[in-house]
Amino acid sequence: MQAMMEKRAKELLADGTVNRVLGWSAGEFPYDITPAVFETAKELEDAFVYNDFCAANLSKYLVKESRKEGKILVFLKPCDTYSFNQLLAEHRILRENIYVIGVPCYGKADVEKLKAMGIEGITGIVMQNGTYTVETVYGDQTVKAADAMAERCLSCKSKKHVVYDELLGDEGEVDADCNRFDMVEKLEAMTPDERFAFWRGELSRCIRCNACRNVCPACTCEQCVFDNPNSGVSQKAAVTSFEENLFHIIRAFHVAGRCTDCGECSRVCPQHIPLHLLNRKFIKDINEFYGDYQAGADPEAKPPLGTYDKADREAGEGGRH
Amino acid sequence: MNETLIPYAGVVTEITGQTPDVKTFRVEAPEGGKLFEHLPGQCAMLSVPGISEAMISITSSPTNRDFMEFSVKKCGCLTDWLHAMDEGQMITVRGPYGRHFPVEEELKGKNLVFVAGGIGLAPLRSVINYVRDNRANYGRVDIIYGSRSKEDLVYYNEIVSEWTNTPDFHVHLTIDREQEGWDGHVGFVPNYISELELSAVNACALVCGPPIMIKFSLPNLLQAGFDKTQIFTTMELRMKCGIGKCGRCNIGNKYVCKDGPVFRFDQLDELPDEY
Amino acid sequence: MQVNEYKPKIVAFCCNWCSYAGADGAGSARLAYPAEVKIIRVPCSCRVNPMFILRAFQRGADGVIIAGCHPGDCHYTSGNYFTRRRMALLFSMLDYLGIERERTRVEWISAAEGAKFSKTMSEFAATVASLGENKRLEDLRCKQ
Amino acid sequence: MKKLQKTQLQPFFAALAANASLYLPVDNEVGKAEFKKWQDGVQMSTALNTLRSAKDFFFPQTENLMEFKMEGKRIDVIDTREECEDFVLFGVRACDAASFAILDRVYLVDPVDTYYKNRREHGTVVTLACGRPAETCFCGTFGIDATDPAGDVTAWELADGYALRANTEKGEALLASVAALLTDTDTAEVEAEQARVRAILARLPLSGLTTEGLGEGMTKEFFARPEWAALSEACLGCGTCTFVCPTCQCYDIRDFDTGHGIQRFRCWDSCMYSDFTKMAHGNPRTSQLERFRQRFMHKLVYFPDNNDGIFGCVGCGRCLARCPISMNIVKVMKALKKGGAEQ
Amino acid sequence: MQRIGVFVCHCGTNIAGTVDVVAVAKALGQEPGVVFSTEYQYMCSESGQQLMRAAIREHKLTGVVVCSCSPRMHEATFRKAAALEGVNPYMVEIANIREHVSWIHKDMAEATEKAVILGRAAIAKVHLNAPLQAGESPVTKRALVIGGGIAGIQTALDIAEAGFEVDIVEKSPTIGGKMAQLDKTFPTLDCAACILTPKMVDAAQNEKINIFAYSELESVKGYIGNFKAQIRRKARFVDETKCTGCGICTEKCPQKKVPNEFNMGLDNRRAIYIPFAQAVPKVATIDANYCTMMKTGKCGICSKVCGTGAIDYTQKDTVIEREYGAIVVATGFNPIDAKVYNEYGYMDSPDVVTSLELERLMNAAGPTNGTLLRPSDKTHPHTIVFVQCVGSRCDETDERGKPYCSKICCMYTAKHAMLIREKYPDTDVYVFYIDVRTPGKNFDEFYRRAVEQYGVHYIKGQVGKVVEQNGKLHVQASDLLANEQLHIDADLVVLATAIEPDKTARSLGTMLTASMDTNDFFTEAHPKLRPVESPTAGIFLSGVCQGPKDIPETVSQASACAAKVIGVLAKDKLTCNPCVAHSDELLCNGCSSCEKVCPYGAISYSDKEFRGPNRTTLIRRVASVNPAVCQGCGACTVACPSGAMDLKGFSNKQIMAEVDAICK
């Protein structure tokens, strides 16, 4: 796939369709891959990479990139296309300056999972036939790719590209039966005290690095309210548990109905806080209260918080707990 | 143990309107007298708790034994607050911070040229009054000061009644545009520098004002024969701690709050062109 | 004898057209409700930002109630419908985080329903009082 | 040199905790090590290092500096400083131990930061030599020996116990306080362990990375380099690298109105944040390129400039592991060197 | 920082009785920024206002807090007073310590404490208030009157009289409304048609008045001074411009079995019809539901007999768009459907009629040409029972009825009874009532005449059941005063059914964003002081749509309403509410979240240039708010994630400051 992508990118650069390529660039190790813009075939040859560790959702970079001179080619995985559509619906990216190539994704690997297996000192990873042969300074180890799959990919909602100009690989399917709400349901089934204890434990680790916000394709505000000294709620550090709660509740609320559940927030959290469980709660509630809605699936769809029905349930009514 | 981050509470005993958007605040310790000693060109962090903190240069001369003065232009939430308050109000002050003008070192015995625009006169006023109080230690003094209009000239009364009457003090005022009731010089400060035919011999220039004024004054001073080692300026950048630790006011490896705000122009050349 | 009976702090956001007028109506009819309830006037219930609710809890409120026109009666046609959606989601989220759901409430009270206003506020105050102090969304710095 | 039997580890912790709060790396709910207070039964993590650095103990993420009471026109400044209680940090790695020296160069130089100093004086650091370094480790680049860390006491994990060496008076006192649990030993076992680990360190992928061409006096050389654009391109402007970094020490001072007074607190800040240098009249660093450059110029040039050539990085590798987009100081160093070589 | 003055009102003892106003003034005087604090007997009085104005001058106040009654009472008063001293009116905030404190709390300590807290909240808000300037918008000098009953006609005539254009939109083929159906009017017993029809003609002939009969309002957009309405002109299938109203078609139409709604279905009309002789406009209308031609394509008789060729079976509804400066709602009422009161046998016997049906049975132009005959057998009824309060004054729990008094029933029943007794002295008339309510000029005298002079049997009590038995109506009732059960065999039972707002009112209210009460009566901006205005600016209320009224009341309200409308139309420009949303372009993402929740379409987007880093320019899509269209609800402010959208006068920071002050 990487070779195909590189070939197409070079072709499109060569024929002038695009003048830049937004993709992934190889790093020091097999897994530390950085989003990058390539402008020449040489740059692509030197560093372009697409493998199981290319986890970053590139769509948010288009907020800036699509406003630059010329047209940019972007490679989007299925879940990234939802973010793309949502950004499009919110007029955050300029479609005419973007050439989208959909690329397949069968689930991305999480190096933390390898490390959790005690694999340290990684110097190389050979990926083939569903197994990873991990070379380390302490010897080689073989693991099943499935065992190293990122948490978010285990409950992947869709392998379908909802938008593209060109698709490499096969068209995927929406997985209506994915189990992505399992953990939300598990939490809902707990007592309020248990839920409170769970979230306190998780959120208390927050260091307010803002990685979740800054990586989030729905958080593209020119200036976040939490960074705006005039907003009256700006805060830099979570000084108290309240501020941890406030930041995450408001952030989740601000992306409610807009979050496509791409899972980037949890992926980048250096403290491994399962932030996606907040967003998924809103998604699940929206589905239950107002009918199924998948942000980004249809850029023309009315956002659930931008519309209403006279027969909507009352606030605080019902619920399952 | 003394902690520099913990401020003193001081009483604002007098508020003088200088221009439509500049007021001068006289601050004394609650028991009277100065909160702390300083040298000309140094700054202090003024604050109203809960509103904000801001680094303001101390405009009074260290030779003043009774109080400190700060001239503040209205341009943000703290300054708005200060402008609205009444005398008798307390504020907090910490300092002094930063390097001062080398009044006892490089400047001593020299002819001095002060170049200021608008509120930029505030830090220089401390030096000017220091020089007046130690008149014998310095040579000829030229003060070139300009503003948008007559109303925007700060310390106008002091300039006219005291500075002009100080021996060998030559005050050159200018305003940007013609104005009724103004028979003085009209024009921008950088041009005025050239017009005045200043002598750079055994002289130092102290420049402070809007960046654009500094930018255009420098070549004219150089043309007048000043070397960059003879020209000093004082800078203003985002300062928070005032002691070179919080990490935000650096230009290259220099911290404006600690290594500045007073810089000699040749020193500035060493720094990356960040601002 | 219990001297220091616990009194909750309650913030009531009332829309100008219906519920605030309803509160005025309660006053005119001398229909008492607990003094713990303090009203903030907003043009419409849809003006209430989740941030305000959390702010109230941060600052020591024990309960927050939003009162607006009955669905269909909004002075601005649709404001309360948006309120309903927003608050349904927010309250569900607070519940999900383990924060007592009885501390938050939305009620529709028309300008004519002074009695309902008084009754609703009394009930809500009693409910909140029974929950005790808000510990889960408080900011300890704001504690006296 | 003293020796502690492995079986005596918990009694050893108990004895330390009897005199002062003892903090050591413990696995948290998501299996990552973090410094936590030792209590009976708490097991030390076997992880190479804690997810966050140990700097929190001397430079916490937030701390109250003072309070103000405001009444009418009056302001009372309330000094809320209190003498810090004694504590022991056990299991600090060589990189973090080296970071304390770097923080000292900021906070203990005149004017001394008394909040920092207070904690520094009351903390005793027991370091633990690394046994199983990771691919992200590059402390050797900055001359730090992972097999012989600094600290008040240095410990080595051996097959059957721990070797302990006091390096300071504080360290001596600490070991004296638990003398009953210790036996004397020679350095042979430690040397063998060091040799084993040094062999691994030499094989690490970043073992060849040096600071050659970086450091003092390189401002003009590096500042306008074209590499910054590509390096900073993907940067999200988050504070992850800063907050996990053991040497980052920038802070912000803010006021909080509690409703019954003003609390002035200090909190970590990040030069990567878009509002770091924002002021009333504008922002001198408006682009992420400038902010990104600032962070690395500071560690690789400005800090050495002002601190006798000592770099502001200890090679702990946390930013390599944690950066959401896998951009880090190693990539920056390599790119700058490569760019320099090409010029 | 503001310089704030605090003024605590005693409101006589209304506030001072339960709130220690001196303590409140003292406590609030300690608040930061407060430079003056006092209390006074009546702040709203002239001397109270003078006190405030003097303090503003003396202490150079920049903000004012008045602790008094509800801002809904006197906010405007204090704002005006402040403005006279050069303080922007929006720098005044009211702490409601009467309705929200003194009137509901008995304990003085508790009430005082609460008053102080509310005062603090107001002070905290004023600190963040900014002077607001009201914008201006032009006024379209034409009014729309919805409903062509007596209320609408009177309002239209008065507005036209002042020289402004008026359009009347009436959904039925003629104007005239309910009054046209009435026989005589109380208490003067003059003929309804005689006084109404000249007004209808006046309206038709007034060149300033356009009558859009057989038309309905489709949509309304805009705001006071600048409404845009779409009016659906329903197809009459008769060209109004050609029809002379000769009536030949209505005589020749073979379809004779159409229930005549003008006569309450008591007789039939043709498929092509003119509702009544004096209809305005006097134009025939084809009822497409019954017309044979329309249904089968075969007939066409009317077309053949029409001398002017006015019949047009292909006519379509047309929608016209008109602009208005003000809109008058005069949608009137209907009696409730008596079907639900089956205990009175309304569905079982044609001789159980409603009052309005009786009105037609007694009307000379009605189905019986004015002779009172039983609908069933066309005989004279000799015993008549009137049942009062059918569906009026019901318990809240009663879903069939209305909680309110319909107000007109007592009087028209007295009228009916009197007229029957006069015309048919051999008739026994019984009236069962809960109370007889006769406040009004000459009303009680009228009622007493019915009882004393005409011998109408008024019985305080309720009718339990009406059962048809052998051509008679067996009425079971109770006499509460005599405390006995009564059984009356009546020939005719008349139900004084409650009146309710027209069914179209609810959807109209939504369309106009005018608020309504739970009974679908439109709410007035103030129950006492602004009784003919809706809270929605530019929407005015005329007649029964606002609440039950008799004719004189309706007409006087209609004229009052016209005066208010004239007040709007006479202005060249209107000042807007300055408490509107505004978007901070530097923060705006252009995401359109706000636009989606704006009920007024007040938000638009444009691409603008902004400064980017290092002297670059960026083009960004940003929102802007039309202050003349925005009504200030604030829905957008919550939809906006970046906080770019804020509401003037109710900003995020202001509300949070109030929260902080309250929770302190």
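Some observations on this one:
Labels A, B, C, D and E are assigned to the chains in the order they are written; within every chain, residues are numbered from 1.
We take it that a residue touches a chain if its C-beta (ideal position, glycine included) is under 8 Å from a C-beta of that chain, and two chains touch if they have at least 3 such contacts.
All figures in this text were calculated on a predicted structure; none of them were measured in a lab.
Counted as hops between touching chains, the shortest connection from chain A to chain C is 1. Chains that touch both chain B and chain D are the following: E. Between A-E and B-E, more C-beta contact pairs are found at A-E. Chain C has the Cα centre that lies closest to the mean of all protein Cα atoms in view. Distance from chain D peaks, on a Cα-centroid basis, for E.
Ranked by distance of CA centroids from chain B, the top chain is E.
With centres taken as mean Cα positions, chain C sits 53 Å from chain B.
Each chain gets one centre point, the mean of its Cα atoms, and the points for chain A and chain D are 30 Å apart. A straight line joining the Cα centres of chain D and chain E is 72 Å long. One simple way to say how far apart two chains are is to compare their mean CA positions; for chain C and chain D this gives 47 Å.
Within chain C, contacts with two or more other chains are made by residues 50-51, 55, 59-60, 72, 78, 82, 86, 141-142. For chain A, residues that reach two or more other chains under the stated contact definition are 223, 225, 233, 239, 305. Those residues of chain B in touch with two or more other chains are numbered 86.
All chain pairs that count as touching, in label order, are A-C, A-D, A-E, B-D, B-E, C-D, C-E, D-E.
The touching residues of chain A, when paired with chain C in their complex, are 184, 187-188, 192-200, 225, 233, 239-240, 242-243, 245-246, 249-250, 252-253, 256, 278, 281-282, 285-286, 289-290, 304-305, 308-310, 312-317, 319, 321. Those residues of chain C whose C-beta lies close enough to touch chain E in the complex are 9, 11, 16-18, 20-21, 23-24, 26-28, 30-33, 35, 38-44, 46-52, 55-56, 59-61, 69-70, 72-79, 82, 86, 110-112, 118, 142. Across the complex, chain D meets chain B through its residues 65-66, 68, 70, 73-77, 79, 81, 106-107, 111-115, 117, 219-220, 223-224, 249-253, 255, 257, 262, 264, 266, 269, 271, 276-281, 284-285, 290, 294, 297-298, 301-303, 305-306. Put simply, chain E touches chain A in their complex at residues 586-593, 596-597, 605, 618-621, 639, 641-644, 652-653, 656-657.
Considering their complex, residues 1-9, 48-53, 75-76, 86, 88-92, 237-238, 240-241, 243, 245-250, 252-253, 271-275 of chain B touch chain D.
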